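Chain nomenclature is as follows: A, B, C and D, assigned in order of appearance, with residue numbering initiated at 1 for each chain independently.
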């Protein structure tokens, strides 16, 4: 300890946890599910259920954005995708659904080379607003300065700036780095930014004045970032860390900026654990891609999939086994947690004695495999 | 440490353990199995073997309640199930056994909508008492006030108040929350309550004056609570924590209230580990559902399975491979621990030098996979 | 800490490790394998290779005991098995090899009911001695007083007292507990006792004056004690703990009593890790059962398997793929470590710079899966 | 603590980590990939990409050594292999590729008995130099004194002294131990030595005056050292420990000696994690064996495979699915990280805000399975 010779310095690694490694402990007080409140806010917008549909071409088109908002949640339309590249996106979606596994990545690499059209951005925003729904639009950082004014002018409500990893400080020579704080000044739309996974990264983003943070790098069903790049943090730890940043920012500023766990959520259990870890809402992709109403036509793929030189996502066949309403509210006869997400959340909140999402953040969580390896292998081989 | 700036607060998770993650260490003193005593008490009732059959429709009917008590244990009849809803429960059990996997959840959702009849409760209690057996009856909290007097009047011996999670303080607007302490005052029957999994929750329950606590949320073979809700604590940790609560309550009150590990026990090894973790008895479901005498006719299902909107259990085909007597006392030619549970318990107690269940609580236990992943995968793929 | 209220006491579990969870770190000095010495001693007997064949009917008969000693190791004949129950054991071994999986446990339960004959004990000992080999005979504790004098009189060299768990203090009413210290007084044969797995249990055994300790409960390929009873400690931790007891006993008495890791060793890597964990020799069963010379005829089973009421072992088909000499000394074309055990040990000692077994005890070991789950599953499904 | 009796000493094991157990955390600053620099130096040689082809017969022949250097990396030719034993190595490589699995180990044991010819060493070096490429040649320690002068005279640029485990102090009676410090004096070629895995072993090697250290024992795809010998350290921990040795040596000497993670790297994620763990370059075998240009003709095997008595490697069928250029630079349509390694490295550096390899050493890394067991088993059984 007091040796004159410095000890060698070894890189330290801390343990992280994903959905499968943790479980929620029921509370000492319990509550009837019908007495729970699941409200969630972004800026001045309040949503009665904390569920946001992912800004992915297989998940949200104009119709989905309208429908999920009618049910109490929010859908985010991605203008970096097919919707703003093609006058008739359904034609292109049909092609992707019809392609073989061998040809689909190459096809998508081609499809996503088509330029984004300014007029289509306006059209999509208007269509959503005309239906009376809250309109949230996603852009990538490099396109934000160019498209944000178009979105705002067309009546967009919420701006989502999203890429695999978004930091408050990005260095680039090909375009002047997006200054998020400046963007906050220039638009009236509340801005949600992501994705991020660390305490310090999240805190820096919040200090730019934004209205929400998307949490999650690498965990999605359609994402292979961890295989390709080695990058990613399991969602429970990412959520815990960003929740700590949110609470710290609240202490220093008095402003409560929601965080949204995004990616890798497949079952009711994953969703309930995200809230116990501290999230304010969840963004879900593959479960919604499985609804009959989804634009993906039974397929799901990531937005990093069509990268021309280094694709990092897979098109997955997910089928169309449910409807959006059953997915969110049930009733269901499925016993494995893939339907009635809101019912599951309210029931879990009841078992934890949590009347609100904020109270659910206080639920105890433990490290525990959800089911044993034995059970998993059994289920796999039996097709359960 | 003494920094003026508060450190960020990250949610802390502690490690928990299930049956597969631990093993018992043999003692420095050993004992012949025939010198062990396995007595177990609830209130003034003593049982020569600490085995209780689960309050599930596939496990306990009137006949099973009688038979297991004759063998030294106890069976709990669930009046929230088929037995008190139908004059002729065997007819309904046949239907469930005969349904296909695709239709069974919907069928059960329908079957369990039939109202519970007061007169059938009395009939079931009388039938058990007439045979000279100890009669234990399970009710859900919402029905306790209404049915407890009927059970007591009909001669019931032990009242079990059971639901997925039971806390000493439940908040509800649809019915006035059950006050367990009041219920203890109003009935002469010793009351066993559950399920619970935490030190504080168990201690609160014990302070209401009850006679036993059921331990376990989410681990059962027929239960998918952890997938659907994310809720559940592995049984070894749940048992250790509730045993600490029992010991603490004994220190403060002088009363020894038994705990009963309930759910997920499939093999002799699981049972022996539960006792080493501190339990006073085990409640077993699926192993008894496999006996020729079980009402489930080779099937097993959870009582949360028929939930109308959010079912959390599966009907599992378990077969009818053994008899109750062989299951409990052997002899057996099966080498994987699925028969002769009492023999296994006495042998393990002998290897640990434990003459009584209380002494078995002192056996050392270590964290150790019961068999390697390699071995498990091998067994799975070979159908061993 | 100084609170007036006592903190609740939770049972503590420590982590343990098996072969698959650890790996040896090469040393900062390396050594040519031909400069290593693998000598091992029990009492006054020295063996040039630290390999002992298990006291199991599928592993050691008179011929095997002779042959392995000629190659430098030791074989232990079990007189609690077929060899001392039947005039012509080969006939019985043929029957077991010919039985179907369904009938074999019941057959063995019957075969092992035949009484042990005193004259056959003498015959087996004489046959081994006549061939000039060191004769080691295993007995169970309950039979030791009766058979030890017969073994000694017939010329036995080493007495092995072995059962699943052996403690220095066993309590029994059916026979007066074997007092090991007295037995040490009454015989000139060095006594090896087992099995044990803990520091304190091993130290107590050593203080009785014995000449060796067998280490291992529950890990063998033919053993299901952990499933049936929940009892067992992974071999690396058991070996580390008993090695600490041996070193402690050496400090207090000046006597170096060897420990022998027994059970679960299947590959060269397992063997090398046992020595790095601190063992002085290894006892191997299933690898020898696979040799053409083994009495098991391509099958292997545990001695707890024929237990009349609670069998805890499986007859495994192991085939006859090698010879004893190839198994121990190679050369081999197999790349997965199942042949040339002595070559593997000398090579590993060289990589660790260990000239003797005692120096190998100082090799660094780390916690590390030997191959990834992915690799294991791959190998399983490919039949590698 | 202050007890007069010494506490027993138990061997301590520390936790180690491999590629699958860790993940990289993105940085708080991000950077465009085109602004990253991946330069790497050995002695006075600078390479624009930190990728070295393994000194294995299935990976590097004269043509591969030339081609990879033209693309910015380095190939190491092993003169302990076929190239310096046979005038026409392609003939022998054809034979190995054509052999059945059953006969291949025996065939290789024979093929590698052919003596190494001095004149062939010169020929191979000249051929590489004539093409204008940097020429790196690998020898085993026992052959270094004899062959190093031949290599140098023929114009070799870099000498690689490599065997499974290389220590600065090797004890042997069959040949006088190689003194690495003396060898450094006797040749002008910078010397790279390996393999090693520990802080102390690496530091000792650096103090001999060498120019690089190869890191890794036991992790390669074609290596079964851990099964056969139990020896090996997972690559992330080995890299972290040797990086600490490099930094310590830099502090004490002012000289920056690069370390090179060698073995087990299969995907872009593995490579990126190695750099985050602290490596300066990676040596890759099986991925290059999969290129159409590789000498292995769709097969890959380890150099310990042909060991005459104790082979520790497997010939693996890897196919010829890509080209060297696509492997290193893409573009690719494969989404699982097996192509475009340089693109993956630059992208990961960008997400971590690292402009150079040295800055990438500061990226945060966490303990986290890359994908869940569930996912892995799923992928295995689906053939993804």
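Quick notes on this structure:
The rule is simple: contacts are C-beta pairs under 8 Å (C-beta built on N, C-alpha and C of every residue); 3 or more make two chains touch, one makes a residue touch a chain.
Treat the numbers as computed from the prediction; the structure is a model and nothing was measured.
Between the contact lists of chain C and chain D, the overlap is empty. Rotation angle, chain A onto chain B, C-alpha superposition: 90 degrees, expressed as a multiple of 5.
Two copies of one chain, chain A and chain D, touch each other, and the residues they use overlap weakly: the shared fraction of interface numbers falls below half. Of all chains, the one whose Cα centroid sits at the greatest distance from that of chain C is A. Spacing of chain A relative to chain D, judged by their CA centroids, is 39 angstrom. Taking the mean of the C-alpha atoms as each chain's centre, chain A and chain C sit 55 Å apart. Contact with two or more other chains is made by residues 373, 377, 381 of chain B.
Those residues of chain D that touch chain C in the complex are listed here as 6, 8-11, 13-16, 18, 20, 105-106, 109, 164-174, 196-198, 200-201, 204, 217-218, 224, 226-234, 237, 305, 308-314, 373, 376-377, 380-381. On the side of chain A, the complex with chain B involves touching residues 17, 19, 22-32, 34-35, 199, 240-241, 243-245, 247-248, 251, 267-273, 276-278, 330-337, 340, 343-344, 347-348, 351-353, 364-374, 377-378, 381.
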